[in-house]
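Each chain carries a letter (A, B and C) given by its place in the written order, and its residues are counted from 1.
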Amino acid sequence: MRLGKRRLGTLVLGVLFLALIAGLVACGGEKSTESTTGTTQSSGGAGATGTSAAGGSGSADEPVLRVGALLSLDSIQGVEMKKWLQLFAKLYNDAGGWKIGETTYRVEPMFYDVGMWDATKSRSAVEKAVLQDKVKYLVCNWGDIPAETLSVTEPNKVLWLGLDFVDDSVKPTLNYAVRAQGLFFAQGLFYYICQDYIKQGAKSVLVVCPDTQQGHVGAQLVGATATTAGMQVLDPIFFSADTADFSPIATKIASQKPDAVFFSYVAGASLINAIGALKDTGWKGFILPGELDGETLNNLVAKVGKEYVEGMETGSYDPRPVEKDPQTLNYIDAYQQQYGDWHSEGCFWIGPWFIFEDAINATQSTDVDTLVAYLTSSKKGVRTLTGYSQLFARPDLQNYKTVDSAPGHYIGVVRDGKFEYLETIACKDQYLSSIKVYGLKDVYQKYWDEYGYPEFPDQPARLDFSDL
Amino acid sequence: MLLQVKDLWVHYGRAEALKGVSIDVPEGSIVTLLGANGAGKTTTLRTISGVKRATSGEIWFEGSRIDSLPPHEIVRRGIAQVPEGRQLFLSLTVKQNLLMGAFLLKKKSEFMHKVEEMTEHFPNLKERLGNRASDLSGGEQQMVAVARALMSNPRVLLMDEPSLGLSPIMVKEVAEIIKSVNSMGVTVVLVEQNARMALRLADTAYVLEVGRVVLSDRAGALAQDERVKAAYLGGRC
Amino acid sequence: MTLQLFLQILVNGLMIGAIYALVASGFTLILGVLQVFNFAQGQFYMLGAFATYAVASVLGAPYVVAILAALAAMALLGILVYFSIIKWTLRYGFFHTMLATVAFGTIVGQAAVLKFGYSTAVVAAVVDKTLALGGVSLNSGKLLVLAGALVVMGLLYWFMRTKIGVAMQACAENREVACLQGINAGKVFWVTMAVGCALCGVAGALVVPVLSASTNMGQLIFLKAIIVVLVGGTGSMAGALLAAFLVGIVESFAFQYVESFAPLVIFALVAILIYFRPGGLLGKPLPIPGQ
């Protein structure tokens, strides 16, 4: 009798877990858009490794252009980038394919889930892509470890067009890597905002960062930018990345009495809690949030009221209220038609796709060496969803090939609880302000003297070479 | 027969604790189980109370089988146990201990009435009701343990080694308590190492050795049995 | 340090301490009575916060109603978890139930991410005023959380003295003897799950106007709850309450001086405490697995 009960218990438990898992899969599979918080769309099974998801149906002998992407499908950016890549592929395939040279290709995006900064998963994903699926181009990435990825792509001559928070991917020893989404030449945003805040009377700034590698790098860069722009930079405050209650942090911030506070790499719930806690201390001043999407802003306003964040300036990734470029508007329409709603989280990070597209169309070739030759001697900006992005050389690393990008960025201001577009940061300003912030003028001057000054897209810019 | 144990087999894992124990408990009597450590006395009580399950065999109480009932149902039917070493809830007060004993009573007034009854029976407890059980002496604890078991108005009281660890004076007092409980009409099953005391109190006695009943008789007769004298009564007071 | 700063830090510590106290007392109750190491405990806190959000912000009900709704919902969920998962694994021992709760917690956490995504749920502050007392200004929202938590603790104190509450303590102390008193252990267990989970639900409900809800908030608080239980002593409710406020206050003051090393300070202090008092401040050492 005892045995019978044991078996029954195990059986019930088994059935229960199966039911739970089935429920979970069903829940994940449904394309729910009406979640109570009005949040992200769930992404299918959320972990499909190496699933191809091409739009049109092609016959077996039709040439296929496989574009791989290593993405963390645990993150909203990864999910959104996947959606964009699927959309771009569909647009080509629906139009009969991508004509390159004499051949028309069906575009097949290949996605590999890499977890979040998980070296093991990252490694096995890139090995599967390169060695097993024979993917020749890895375009866009999120959550992988680029150094790990590159150790597989380089010897196999795979073109890597990605994002990297450290300088692993722009070393002169690499041959097939282009950091198409860099943050090195991206100091323009902070520089602009510092200038604006100084104009409004801010004299000192305190940088607040999570205690991570990104956070420390960010604190250094933001600090350098603020110094360059003419602000007094107080000792940065680092907090443990798993902080939920920001009251102690806010109390400490307020006790330092800064005019402005920069939250670097603080987003979502953390940002809302941090600013909410800051308000509770009674501190008033200029706030610069590192990242702020529309939904976070709405929640923030609900939390602290619109007066507290009035005049706050920040970067924006949402092209909808800004862009007049017809091609970009087409993409925005297509996204909304395809997915039924709108998320801006992937717009900025999908930039490498456009650099890849431009390289193929300009060379009319799918040959990796030809593409690399084109990319590493780039002369002009490429239009992305968020303005121009342009590749530049890194003479400070003795890398004279154009392998690092100045990405497109908008700057906006919060007025009456809403995000208002202010201006687009010019490629020229991203490039020059970054060089100025890092104090690399001499190195770059030598490079320009030898190779000539770079040309920039036709955009209004605040800085010129004479301002360095 | 009020309580009947028929051919009870109990295992702890693979080890056999009881190998076919049968015991009859007539209504109103005091029945004692004697035996050395590990003979299976405590196991017998635990199995009757339902906290240990029998592998085979039957337990009958008032004409119905109770060996598959959960412990709280067995208490509800009228079998309460004073566990070995008293085992009061030391973090609770005396009154809360009694409340636990009266868990199955539905009404608060009933509980208060029972508490009064117990303090009449054990006058020492009256001032101790608000104390933590851990503050009580061994003898007082034993009283609380008995009182706690009596709170549920049991028809059978299973007592596991009530004299364990008590001073000789207290042992005498415990014997008096057992007598008076029995005189209230409660049938008692008494497990004891102190065979002399047990045989003096009991009507019938069973001697257990390694899980089997080896002797059973009226207590008076067993007290005269040479084997019992040699094994259990020799040299002890 | 000015008085203003000192009091602000103290209030921060007390507020988060009160939240730790509720979650940890729920956890220690379940650990003590059922001897189940409930890894999903933090998720009830997260779900409580989201339930409050749903009732208060989406349905527009008054905040008090939302708190009660979160409490009831989490109590029911706790009962459901008991009958569907805990009850069946309890007989196999400590590690089986622990693993089952790990599985349940993971499923809930991932399902929440799928449903709510990576964003946050924000409930507008109930009281958004700053109390000024003799030149010292304190945020009244935090004081409200503290007051609410103290009310819940009072209710818990009362509940633990009712018959079923005493039975819970009896079961925690000696399950077999409790059964011998006629206490229905199964009933005590599901009531304990209901109370333990409701405490977390209330904690989530109280905290959400001050801290926004996010899907990972459960995992974060769970670690803190374990620290609190270690410091306070397993199975000791009083210890958990005392330790929760201690940890909250130490954490708060430590941050002012050492910033992100504050967790290190906490862990170091816990290590020292456990070395000298393995049972924590007021409790017994952890129950031996398999008991």
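To be clear about the criterion, a residue touches a chain if its C-beta (ideal position, glycine included) is under 8 Å from a C-beta of that chain, and two chains touch if they have at least 3 such contacts.
Just so it is clear, the structure is predicted and the values come from calculations on it, not from any experiment.
Novice: For this assembly, give the contact graph shape among line, ring, star, complete and other.
Specialist: Chain contacts: open path, no cycle.
Novice: Which chain would you call central, comparing Cα centres to the global Cα centre?
Specialist: C
Novice: Once you find the CA centre of subunit B and the CA centre of subunit C, what distance in Å lies between them?
Specialist: The answer is 41 Å.
Novice: Distance from the CA centroid of subunit A to that of subunit C, rounded to the nearest Å?
Specialist: 36
Novice: What whole-number Å value describes the gap between the mean CA coordinates of subunit A and subunit B?
Specialist: So the centre of subunit A lies 74 Å away from the centre of subunit B.
Novice: Check each residue of subunit B and list the ones that touch at least two other chains.
Specialist: Residues: none.
Novice: Residue numbers of subunit B touching subunit C in their complex, please.
Specialist: Contacts found on subunit B: 49-51, 70-72, 75-76, 80-81, 83, 87, 89-92, 96, 99-101, 103-104, 148, 152.
Novice: Where on subunit A does subunit C make contact in their complex?
Specialist: 6, 9-10, 12-13, 16-17, 20-21, 24, 27-28, 32, 35-42, 46, 74-76, 211, 237-240, 242, 244-249, 251-252, 254-255, 268-270, 272-273, 276, 280-282, 295-296, 299-300, 302-303, 305
Novice: Which of the residues in subunit C come into contact with subunit A in the complex?
Specialist: Interface residues on subunit C, with respect to subunit A: 5, 8-9, 11-13, 15-16, 19, 50, 53-54, 58, 84-85, 88-89, 91, 100, 103, 107, 110-111, 113-122, 124-125, 128, 130, 137, 139, 141-142, 210-214, 217, 220-221, 223, 251-252, 255-256, 259-260, 262-263.
Novice: Would you pull the subunit C residues touching subunit B in the complex into a rising list?
Specialist: So the residues of subunit C touching subunit B come out as 163, 166-167, 169-170, 173-174, 176-186.
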